[in-house]
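In the two complexes below, chain A is the common chain; its partner is chain B in one and chain C in the other.
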Partner chain A sequence: MKLHQGWRRLTPYGLVLPSVIVMCLIMLYPFVKTVEFSLRDYTLYSSHRPFVGLANFAKVMKAEWFGVVFKNTLAWSFWSMLFQMIMGLSVALFLHRPIPGARVVRSLVLLPWVMPGVVVSTIWPMLLSPLFGPVNDALLRLGLIQEPITFLGNIRTAMPSVISANVWSGFPFWVLMVTAGLQNIPDELYEAAAIDGANKWQQFRYVTLPHLSLILNITAVLSFIWSFNNLTLIFVMTKGGPLYFTRTMPLQIYFSGFQQHQIGQASALAVITFVFIAVAVFSYLRMTRRQEM
Partner chain B sequence: MNMMHQAKFGVRLLELVGVAVILFISLFPFYWMVSSSLKPAKEIFASPPTWIPSEITFENYRNLLSSGPNFARYFLNSAIIASGTVILTLIFAIAAAYAFSRYRFRGNKPLSLGFLATQFFPLTVVMIPLYMTISRLGLYNSYLGLIISYLVFALPLAVWLLIGVFESIPKELEEAAIVDGCTRAQALWKITLPLSSSGIAAVAIYVFMLAWNEFILALVLTSEDSMRTIQVGMASFFDQYGTRYDLLMSAGTLTSIPVVILFFFMQKQFVRGALAGAVKG
Partner chain C sequence: MVRKGALIFLAILMATVLSMGALAQQVTTINFWTQTLDSRAAWQPMAEVIAEFEKANPDIKVKVEHIPFAQFDSKLIVAAEAGSPPDISDINWMNAKPWAQAGYLEPLDDYIAQSDVVSREMYYEAALVGEHDGQLYTLPQGTGTYMMFYNKDLFEKHGVAIPQDWNELVEAIRKLYNPPHYYGLVRGFGDALYVFDDFVNFVVQNDGYITDEAVTRARTDEPAFVDAFTFYVELVTKHNAAPPGYMEVASAQAHTLFAQEKAAMLVSGPWARGMLATENPDLNWGIFRIPGPEPGKYGAVVGGWQFGIWKGSKNKEAAWRFLEFISRPENAAKWASQLNLPWVKEARNYPPFSTDSFLGEFAEMLAYTRFHMPASPKIPEIAEAIHIELQMALLGMKTPKQATDALTQRINQILSN
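What follows is the complex of A and B.
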């Protein structure tokens, strides 16, 4: 009997163990390795990989491209997040009104979000093509431009163009989150506000917004992190070009590691990325904690 | 009275315009992809472009499937890898989530929170050593190598979703079945799993889409043409042929069909999965 109970106590560990093992093997172990590599002089063909302390960090942070790449990453993540929010919030608020067919529209709006990133990154270059793209054609017909614009090849328009593609593929997530948030606001609050003489704008300002603020904060952090980590769109559309004008941190890690075989420096960049993301996630977890209370 | 009618009509009209704008923004890129894929190739490369195909033809699809790139093979690879990931993830996640939701044991909380924390772990941070680990395990250029990598990136969300699902099903049902002579495993198999089927379906869809759509790992962990997934195939296509939009748009349409179908059939579960993942995660 006692033996039997002893085994029973081990059951939950047995059930959790396979997941823990693969997580350690595929996530934790490589992460420890990344940290280790970042402290070593490690290029692909070096058989001897001496410990060099923080030399890799110093080297990448002094590199002329570091500031540019970091700025690109922040710009790409921030503007993507902001425009996704503006679009997602307006669409969700608009469709929350009693409009015939709102439910169908709400589900059609989610479609861009389920599209594979690679497909998004092949549609957009075609839409923006200077020769046979509809965007240039429309702008020309409307007389807004005289010459077609090479959106993805021009140093001034490349970043806004890849951000547009990212906004298109990411705004539906905001619609989803904000809609869920709106549905959680009790109708009585609006009725009470209306009785107190609040007009539509005041109802929005003093009832809707305060109730949405938590969900907006959470979604903002999530969408910032997702864009920050997203490598696919830029990788396929511009490869970081023209020159380095759309090169972001994940892309730089890929290039340094897999093309230039600077494993040590790429790992240092990865650690820097990790610290940055960890701070963002930490602030995010603190927000959800507050929600539970 | 008349004024009120007019005002109401004005509001309706504005709403209609709003709906039209929203649908245009969300769907026009699709329309352009699908309609281009059905245009004769030389019309795709006409400048200025035609906004409506002058004739509908499937020649691009025929060219895509018959010409150089091994498109059918990529499609099959993706289907195998995504299905394999779903099956493996469900097995691992059901076991773990069941333990977290039904057993009190030391380490329950920290372990389940540990899973939660890995949800936003940036792939690029572990990409290089992961490539080395997978190579050392002899899984480079194999289905299994990609499947277990995707498993790890799908597990946190799957486990968290399923903990919620299992906790919503009363323990007493299982206990009653055990009193009636079922073993614990039978109770799980016959009572809890069938009752959680819609939650499990949500997880399955979410994981399938994640694996079907993933690009970077598939790029890093395979090199042979015969092992490419559809996403890597399309991207290399884009690099190789530059602006062969005739082939790209038909490939893109075919690649999107499975996710669009899944999305429409299982939309409720999908939205539930996405929301729970984001809010919990």
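What follows is the complex of A and C.
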């Protein structure tokens, strides 16, 4: 009888064991390997890969580009997330009203999000091209500029340009999430607020926002992480240039690992990135949870 | 009776299945990875050579995987590290020695010793870049080199003659400056390795060097290098050579700008012919040698591709037979015909090199060429350092002299690590 009960207790663990093993193989193994590589002098020019402790970390953190690249990554992720949120929230609120064709527009709005990153990053340089781009053409015709702007080749405009492409590509996800959140807010709350004399802004501030806060927090975290880890968009649009002005961590990891063949240093950068994101996201979630309590 | 019939049927079935299995076992499939895409015209002659090989060797089948250039090296490295490399692949000349050193490639000298076709002597000596510890790990395939492509109609319209030296090149650029319609010479700084080729052409013309022969010390502070650097930068900053947006233009876009008549000149290699034919078949273009600092003083870089058999290959013998077949002069000529110039000396005597004047001119240009610098694992880092300092000078953040001084410091630092 006791043996039978023991088996019954173990059965659930047995059932999840295969998934745990698969997860470990898929996620844990590459992670452990990356950490191991970061502690070795691992280049693709020598089969001898001695243990060097934290030397790779010291080397990349001392490199002239490290501070710039780190700052770029933060700016790129933060501004992308912020503008995606503003656009996503505005569009979702607008489409939530009973306007004709809202459903069709809502589906069309999703298009940039379902588009592959490579397509987005090919379209945008064409739009912004100083030679053929319609953006420059429009600005010239409107008399706002006298000469075409090299959006992606200018140190002042390159980062805002790639962020714009990222915002365009990512805001529909916010629309999707916020729309789902809005549909869960009971109409009675708005009616009650209206009876109490709340105007539209007050209804938004005291009814809509508190009900959306969980969704907004989760979407903000996801959006930040996705932008932080995004390689395709910048790689195709600017390759991190001009100079280091749009180079972000994932791009630097790619350059170090696959162009300069410094796998140890690339792994150290990957570990630093992972630790930073983990700490940032964990702190943010803790902070917002405390605020909610 | 029924049982006997069933047994006979089973026996026949088994014999058929087994013989089919045996037949299937006799065919070895080798995996060949190339960076030539099958959508390119250049692939056609290569595919013909492979078909001829399979016909002559019915026991070997070649399975080809086409990988875009931008991902080619990283895919090979990832596959090698994962223990599943191809049997044979293209190898970029810069990677030949480092990858041999890292133990990825199979040494070929034993195969060469037993071969009636392949010998070290059949190649231009400079092309044997896959040598490490006295062993050869890669066989030279082909190389590109650079010439100036020009728009004949625009030259005629502005009465521009073929420039013979740097001064005449500047003069031609000045005459062809016609914004926003077209500009003298397309430039592209969007890609470090593209800039590395484009820029070092001018360094070679001026007898400059990036490092010493042992790759221990930078030579980028020497006047020959500094003058070439200054001239290259001033082509854009002082003489308005390039269409706007040059800072973001990469190799493919540079060809597009030339094809669309936004620039009257383009520095490129034999591969440009196919690209221009696709992008603008009506373009009236020609080629001439990139003018040097003085008349008749030409120069350009070579590089190109090698073949290597991967150490993790399970079909090395079959891969070698394939490699041996491609290396026959007539096949080497055909293989390289649309993309490169073959490194096999005798291949020049076979069509299309013996009959095509465009390729013939490129082949003659080889007399004025050399590699960017001696093969070294540090090349990608050095190429990036050059790219950064060129951009600094182009953006006006440093003078050319300040940029070359900083470059010398950077390269020496890279070499000391």
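Assume the second predicted complex is superposed on the first by the 252 of 293 C-alpha atoms of A that agree within 3 Å, B and C clash if a C-alpha of one lies under 4 Å from a C-alpha of the other, contacts with A are read in each partner's own complex, and residues count from 1 in each chain.
Just so we're on the same page, a residue touches a chain if its C-beta (ideal position, glycine included) is under 8 Å from a C-beta of that chain, and two chains touch if they have at least 3 such contacts.
The model shown is predicted, which means the values in this text are computed figures rather than measured ones.
Participant: After the match on chain A, would you call chain B and chain C a fit or a clash?
Facilitator: clash
Participant: So, A:I277: does it touch chain B (first), chain C (second), both, or neither?
Facilitator: first
Participant: So in the superposed three-chain picture, is A:S213 touching just chain B, just chain C, both, or none of them (first/second/both/neither)?
Facilitator: neither
Participant: Is chain A touched at more residues by chain B or by chain C?
Facilitator: On the superposition, B touches more of the residues of chain A.
Participant: Once the shared chain is lined up, is A:P112 touching chain B (first), chain C (second), both, or neither of them?
Facilitator: first
Participant: Taking the superposition as given, does A:P242 touch the first partner, chain B, the second, chain C, both, or neither?
Facilitator: In the superposed model, A:P242 contacts chain C only, not chain B.
Participant: Considering only touches as defined above, state whether A:N199 meets chain B (first), chain C (second), both or neither.
Facilitator: neither
Participant: For A:S129, decide between first (touching chain B), second (touching chain C), both and neither.
Facilitator: both
Participant: With the two structures laid over each other on chain A, which partner does A:L231 touch: chain B (first), chain C (second), both, or neither?
Facilitator: first
Participant: Return first, second, both or neither, reflecting whether A:S19 touches chain B, chain C, both chains, or no partner chain.
Facilitator: So A:S19 only meets chain B here.
Participant: Once the shared chain is lined up, is A:N184 touching chain B (first), chain C (second), both, or neither of them?
Facilitator: neither
Participant: Counting contacts the way the document defines them, which residues of chain A are shared by the two interfaces, the one with chain B and the one with chain C?
Facilitator: In the superposed arrangement, which is not itself an observed complex, chain A uses residues 125, 129, 131, 254, 257-258 for both chain B and chain C.
Participant: Can you check the complex and tell me which residues of chain B touch chain A?
Facilitator: These residues of chain B touch chain A: 15, 18-19, 22-23, 25-27, 29-30, 32-33, 36, 44-49, 51, 92-93, 95-96, 98-100, 102-103, 105, 107-108, 111, 115, 117-118, 120-133, 148-149, 151-152, 155, 159, 209, 212-213, 215-216, 220, 231, 234-235, 238, 243, 245, 248-249, 252, 255-256, 259-260, 263-264, 267, 270-271, 274-275, 278-279, 281.
Participant: Of all residues in chain C, which touch chain A in the complex?
Facilitator: Going by the criterion above, the answer is residues 73-74, 77, 98-99, 101-104, 180, 189-192, 243-248, 250, 257, 262, 377, 380-381, 384, 388, 391-392, 395.
Participant: Residues of chain A touching chain B in their complex?
Facilitator: So the residues of chain A touching chain B come out as 9, 11-13, 15-16, 18-20, 22-23, 25-27, 29-31, 33-34, 37, 87, 91, 94-95, 97, 99, 101, 105, 107-112, 114-127, 129, 131-134, 137, 140, 168, 172-173, 176-177, 180, 218-219, 222, 225, 228-229, 231-232, 235-236, 249-250, 253-254, 257-258, 263, 266-267, 270-271, 273-274, 277, 281, 284, 288.
Participant: Spell out the part of chain A that touches chain C in their complex, as residue ranges.
Facilitator: 43-47, 125, 129-131, 147-148, 150, 152-155, 238-239, 241-244, 254-255, 257-261
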